[in-house]
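Each structure below is given as structure tokens.
Both complexes below contain chain A, partnered by chain B and then by chain C.
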Partner chain A sequence: MGLDILFKIAGVGILVSVFHTALKQAGKEDMAHLCTLAGFTVVLLWVVQLLGKLFNTVQDVFKLF
Partner chain B sequence: MLKLIGSLLVLLVSSYIGFNMASRCQERPRQLRQIITCVGSLRSHIIYSCLPLHEAIANSTNGIYGPVAEFFQQVANSLEKNASLTPQEIIKKVLSEMEGSLILKRPEIEVLYVLGGNLGVMNCKEQEKYLSLVIEQLERFENEATRLRDLNTKMYRYLGICGGLAIVIILV
Partner chain C sequence: MEIIQIVGLGFIVTLLILIIKREKPEIAVQLSLTLASIIFLLILTKITVVLNLFRDMAEKANISQMYLNTILKIIGIAYITEFGAQVCRDAGEGAIAGKIEFAGKVMVMVMAIPIIALVMDTIVRLIP
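Moving on to the complex of A and B:
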């Protein structure tokens, strides 16, 4: 854990925005939306893992079983 | 260190693929233009100089270089050598041999087949009409290809570089 995951998410965000612009300029709006969705999904996978960790920690701290 | 080298390689390869696709995109209208020039010149050779077909085709590539010239030269050579084959069969054979270097899509290839089927079976006047029709069709395809080139060239470059960056970020 650390700052690197944040930078990764930021990098994916920037790249997805570039993809979106490039595809939109080429007239492929559907592909642009698909691309945004794919980027969102990838980031969501990372975030969900982190959230799972967070909930586990909360359970451990408050002894909720 | 290993990660750095790997990501550089991924980046290089994806950019290469992107630039390659962009250059293919740029090449297509150029080749179509050359084919139009060749067919126009073939029309003149058939109508005004009344040359035999293989000579007319060989002469029609004057001043044109690259895969298109090679295609017409090969068609002319095969026409001269294999008198038993029709022009259509020869064009089909040469097109399948040169599939990699000629960047043509389905409709252009169909027009070229039909061109082969109608070469040398009518008189000069009908051939002139027919070749003009072929040129008109090819010009329409060329306009379409130019439009696609203007749209897609930049997109392929961006997608190549950014796709590589995305793979690197996701994997590292």
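Moving on to the complex of A and C:
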């Protein structure tokens, strides 16, 4: 099922850290931080969707209303 | 053999987290959160089968559905609480994890109140 999301998150993490280093070397500290924030937000969007699915499933299975 | 898949997945994600954690710890936490969700979603279909069996057995034994539903609710609350607390503790926030566990304990107590009241009623009726 959604195993590709794990590799997507890892890819975003590595990419963001590379961008961060590159932008820092170029002297653009604020841009580096914005880049980190953007990557974090994108990943958070995916994770929150998955968490919502998980909590809904748990509610269904254990009859937690 | 799904267990081999899950163990392999765990190893791969552990290695990925080791790579990412040095640069971006916040994304590493999200990665472990995702793995926990995926593993539970994979395993939930199995739990459903077992729970259906329990429900059938309770019906055959003439046990009220209320008791079984209460137990299931308590198990669900305990699972969700543990999940949240472990994620917080992994990220180094032991205090928040403690608060989540406290809230879970209180919720379990609240769920158990009808059964406790019933037990009390029975005892009072037994004592003349």
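Everything that follows uses one rule, which is that the second predicted complex is superposed on the first by the 64 of 65 C-alpha atoms of A that agree within 3 Å, B and C clash if a C-alpha of one lies under 4 Å from a C-alpha of the other, contacts with A are read in each partner's own complex, and residues count from 1 in each chain.
Quick note on the criterion: contacts are C-beta pairs under 8 Å (C-beta built on N, C-alpha and C of every residue); 3 or more make two chains touch, one makes a residue touch a chain.
All values derive from a computational prediction rather than experimental measurement.
**Q** First (chain B), second (chain C), both or neither: which does A:Phe62 touch?
**A** Once the two structures are laid over each other on A, A:Phe62 reaches chain C alone.
**Q** In the overlaid three-chain picture, which partner chain does A:Ile5 touch, first (chain B) or second (chain C), both, or neither?
**A** Touch partner of A:Ile5: chain C, not chain B.
**Q** Is the number of chain A residues in contact higher for chain B or for chain C?
**A** C
**Q** After superposition on the shared chain, which partner residues are touched by A:Phe19: those of chain B (first), chain C (second), both, or neither?
**A** The answer is first: A:Phe19 touches chain B but not chain C.
**Q** Between chain B (first) and chain C (second), which does A:Leu54 come into contact with in this model arrangement: first, second, both, or neither?
**A** A:Leu54 contacts chain C only, not chain B.
**Q** So in the superposed three-chain picture, is A:Thr36 touching just chain B, just chain C, both, or none of them (first/second/both/neither)?
**A** After superposition on chain A, A:Thr36 lies in contact with chain C alone.
**Q** For A:Gly27, using the defined touch cut-off, is the partner it touches chain B, chain C, both, or neither? Pick first, second, both or neither.
**A** After superposing on A, A:Gly27 lies in contact with chain B but is clear of chain C.
**Q** If I apply the document's touch criterion, which positions on chain A are contacted by chain B in one structure and by chain C in the other?
**A** Dual-contact residues (chain A): 12, 16, 39.
**Q** Within the complex, which stretch of chain A touches chain C?
**A** Within the complex, chain A contacts chain C at residues 1-3, 5-6, 9-10, 12-14, 16-17, 20-21, 36, 39-40, 43-44, 46-47, 50-51, 53-55, 57-59, 61-64.
**Q** Which residues of chain C touch chain A once you look at their complex with the stated criterion?
**A** Against chain A, chain C makes touches at 9, 12-13, 16, 19-20, 23-24, 26-28, 30-31, 33-35, 37-38, 40-42, 44, 47-48, 51, 69, 72-73, 75-77, 79-80.
**Q** Can you list the chain B residues touching chain A in their complex?
**A** Against chain A, chain B makes touches at 151-152, 154-155, 158-159, 162, 165-166, 169-170, 172.
**Q** Under the touch definition given earlier, write down the residues of chain A that touch chain B in their complex.
**A** Within the complex, chain A contacts chain B at residues 8, 11-12, 15-16, 18-19, 22-23, 25-28, 39, 42.
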